[in-house]
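Shared chain: chain A. Partners: chain B in the first complex, chain C in the second.
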Partner chain A sequence: MTVLRSDLAFFAGLAILAGFGLSVGSLFGTYWVIVALNFAMWIALTQSWALFSGLTGYISLGNVVFYGLGAYTVAVSFKVLPLWVAVPMGGLVAAVFALMIAVPALRVRGPYFVILTFGISELVKYSILNLETYLGKSSRLLFGAPSAEAVLYTMIALAVASSVLMRLVKSSTFGRGLVAIQGDETSAETVGIPVTRFKVMGFTLSAFIPGMVGGLMALRSTYFEVLQVFNPFISFTIVTMAIIGGSNDARGPILGAAFLVFLSELLWSSAPRLYMILLGAFLIAFVLLAPSGLVGLLRKYGEGHSK
Partner chain B sequence: MTALLEINDLGTGYGDVKVLHGVSIALEKGKVTAVLGANGAGKTTLFRTIAGLLPCMSGRVRFQGEDIGVLASHKRVEKGVVLVPEGRLVFPDLTVAENLRLGAINVRARAHSDDTLKTVMALFPRLEERKSQYAGTLSGGEQQMLALGRGLMAMPRVLLLDEPTLGLAPGIAKQIFSTIPELLDFGLSILIAEQDVRSTLKIADYGYVLENGLVGITGDGESLVRSPLVAQAFLGH
Partner chain C sequence: MTLLQIEKIGKSFGGLRALNDVNFAVNNGETVGLMGANGAGKTTLFSIIAGHQPPTDGIVRFKGDQMTGKRPDQICHAGIARTFQIVRPFARMTVRENVETAILFGGARHASNQPLEIRAKDILDQVGLVDQSEMPSGALTLSGRKKLEVARALGTGPELLLLDEVMAGLTPAEVAKMLDTLRAIKADHKLTIFIIEHVVSTLSDLSDRIIVLHHGVKIAEGTPREIAENKDVRTVYFGGDDT
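On to the complex of A and B.
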């Protein structure tokens, strides 16, 4: 398989973005480190969501569970395991959890799957909350966590990894199989696609990076609080970004994350209510007028010009 | 006479509703076998059960002497039992070429996919012309060609064609019918379910008539055309 020009453009763009992210601290100061961290985090989360939900059409509204499990793993093992073990372990715990729930969860489709994933994430949230209360921990403080820059660099690596993964999967037979499942699951079976195996693999794969992201964010905030790391708002934001950016193409999550992160930077402190209203308005506008998101508009624009 | 695909006393349905009550059919190698019957007779249910989309509740499905009744769908495709489902279910968000390539996803077919692709494109030049177009943008006839082509990409030994001309314009339906005997050159055998009884019996070596989930009349194509029962039920005279 030859590398296409569009692939080169994508990887070059990604490298420039990553390079810029790595240098914002020295260029613009600490405040922008936080913004860049935020941006990279949402790219990694939304890209991972798109890998499964964007390609298969199984809309998960509970991806915060992977983030939360990763954060919990790092918080519990803090000062016990070295961080280079603990953070990937967070990813692993999230992936194993996804693998465990995949077979029963992926038996249902459409709105049932949406509700089920939301329910599972709430169930895990309250289970861990009760466990922590039982253990006598209302929250955990993480003293001596690495600097914001160190967290940022790792997060950028995760954002890049998730984007490259999405791009590679999308153009592989596995990725086409996932898209075929979205088209028609019965036909996918008749073609000989191992539908169950593909769905389970996709779901598990989409949990790993969010688990690591959660672990990193626990280090960033230096404390762990169950209701905060399992906040369903994180799941909602992921889906919102995927809808605005478009979720069947690796460029979509990047555009969606950029759009919302910068919109919130612009308005959050000065006009927080306006931000929420605009967010709702944009969401409705995209769902109704541009269901394939910014990336869909980009494609349409590109086609218009190449004709 | 050795049957390539042998269905014995097959019973199945959806939950408590039984649709097939003991159907027996034998498919000979290199032949076209037709399953005829009115709407609701159980043709699609039979095909889906052979392909593994519905469980085989009683009876057996044997392919080359092996019981495949408990295998998952994709395992049956790997063995060479391939269904082209009713309603031209192509993948709309993938291109024509991607649809065809996915057809060869099973291990046995994957190694030969480049050669098979050439053969399929030669059989349906239309697909070659439209290979980078999204399948959702094709016309009904083209989608049926794509569904057939995608089935062939799996290198089937038995091709199950469920209503391949349903909803197509008569001219295109005729074209599809004329292609079916050509498919035998691929060394495969065909089981076809169709509403168009007259055209089907012209190309079929043998036929079974399904009635309310049971096999009614059987016979070679010729004798079925002449059968007064078939004539009365399906041919309208």
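On to the complex of A and C.
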């Protein structure tokens, strides 16, 4: 019964957050639409990362590749395909790419997987850069993209979808299998878990929403420039948010994204250097002192109270 | 009836011949011991049966079906479970969740519609771990973790249980208790047991038959009494120059 109640609390919280995001423009004005969009984007990206890397322990440092491929898909098909086709297509392209690289990439573990995912994202970045140069495109302008509000609403839908997906996967048999893979992959096989299939499925599933997010962000910025879209800093930020928030629970990415988005809002314009220093300090502090992130602290606090 | 058939199994690691032309059978309902010095190839043989390593030569059959070439999860579903000499619990899970995971994915997952938690607790009760159900698996003592290996293997609902030194490192009192546990679960779950153990007396106590490996070659097979009187085994164990 407690599971049900905590599910209810989670979904209610999510609905309130989404409702607030939807009305932020009319309440506080355009500036906060941008902040809300940012927040929703990081939730969707970090939640999707946590779905695979958080549950299996295969730490990907190249998730920007899914985002970038989605953005590229939308940029290339702009004015050719209707957006309601192009954006999901961006997700599909990212997922198909994940499926293609999953089998070779997931043969390695630990630091090798981290480096490999980073390498793949850089490889794709420079391949597309060269392709664009060859085609004579230094950047692509997307004239007549939808309004910031329309992008925000779609992004909120993705943030909610990624959170619900994480929550459902985490409590499913499939999710239990992914966590077992993190616990001990050899034991996981031994008790009957089809380890390779689960890893490939998880990796592919975790690429779809980031692809759509990338497509939306291309519409938001109204132009596509390879180095900016495939910026590895996006991958780093995802991992940072997951570490600070906690990544084995759907609440973690939301807390992590909230923490960093609002910290950056607070400091970015007035003290940008201080922001980077604080970011580093927080990252170290969480890794050393609270490896389960904010969500871990929350759980501890909750347990302390129920005793 | 033959349950497990090992046919001409060989395994090479580069130039090292870890197993060479090993043949034997384990019959339904038996407890068969596997004995041999360090490096004799015992754990390698288990890994081949469970599908973690492919053999270089030969075939493993279970209930007549070829297991060689199948993945570990498929072999688990066929009805073979193993424990690891170096314990491998699922980190970040409680003791109960470890067993639940085995029930959830193992071959017998549809065998009962009782709630998962109750099935897990039943098994933990049998191995004497029920009081530690909610502990993180990493917090168990060595003896607890060995029991968890057994409990998790049982959770998959096996017909054949491969036990790799589940009593190594335990105190004599704990060994005695583990022997009782193994006898009880064997009867209760109608198991066939294939067990590696270093301590000859423990193995003799438990086994109907014993197979002895030495440098990857089967040098003897027989009842515990026959093995104790076997000349080759005596040479290897007591008179040989390698322990």
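As a convention for this text, the second predicted complex is superposed on the first by the 304 of 307 C-alpha atoms of A that agree within 3 Å, B and C clash if a C-alpha of one lies under 4 Å from a C-alpha of the other, contacts with A are read in each partner's own complex, and residues count from 1 in each chain.
Quick note on the criterion: a contact is a pair of C-beta atoms (placed from the backbone, for glycine too) under 8 Å apart; a residue touches a chain by one contact, two chains touch by 3 or more.
For clarity, every value in this text was computed on a predicted model and none was experimentally measured.
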Three-chain arrangement built on chain A, chain B and chain C clash or fit: clash
Chain B versus chain C as contact partner of A:137, first or second or both or neither: neither
Partner chain in contact with A:189 - chain B first, chain C second, else both or neither: both
Contacts of A:299 with chain B and chain C, given as first, second, both or neither: neither
Touching partner for A:176 - first (chain B), second (chain C), both, neither: both
Overlapping contact positions on chain A, where the chain C interface meets the chain B interface: 173, 176-177, 179-180, 182-184, 186-195, 248
Interfacial residue positions of chain B with respect to chain A in the complex: 51-53, 72-74, 77-78, 82-85, 89-94, 98, 101-103, 105-106, 109, 150, 154
Contact set on chain A toward chain C in their complex: 173, 176-177, 179-180, 182-184, 186-195, 248
List of chain C residues in touch with chain A within their complex: 50-52, 71-73, 76-77, 81-82, 84, 88-93, 100-102, 104-107, 109, 152-153, 155-156
In the complex, chain A residues that touch chain B: 173, 176-177, 179-180, 182-184, 186-196, 248
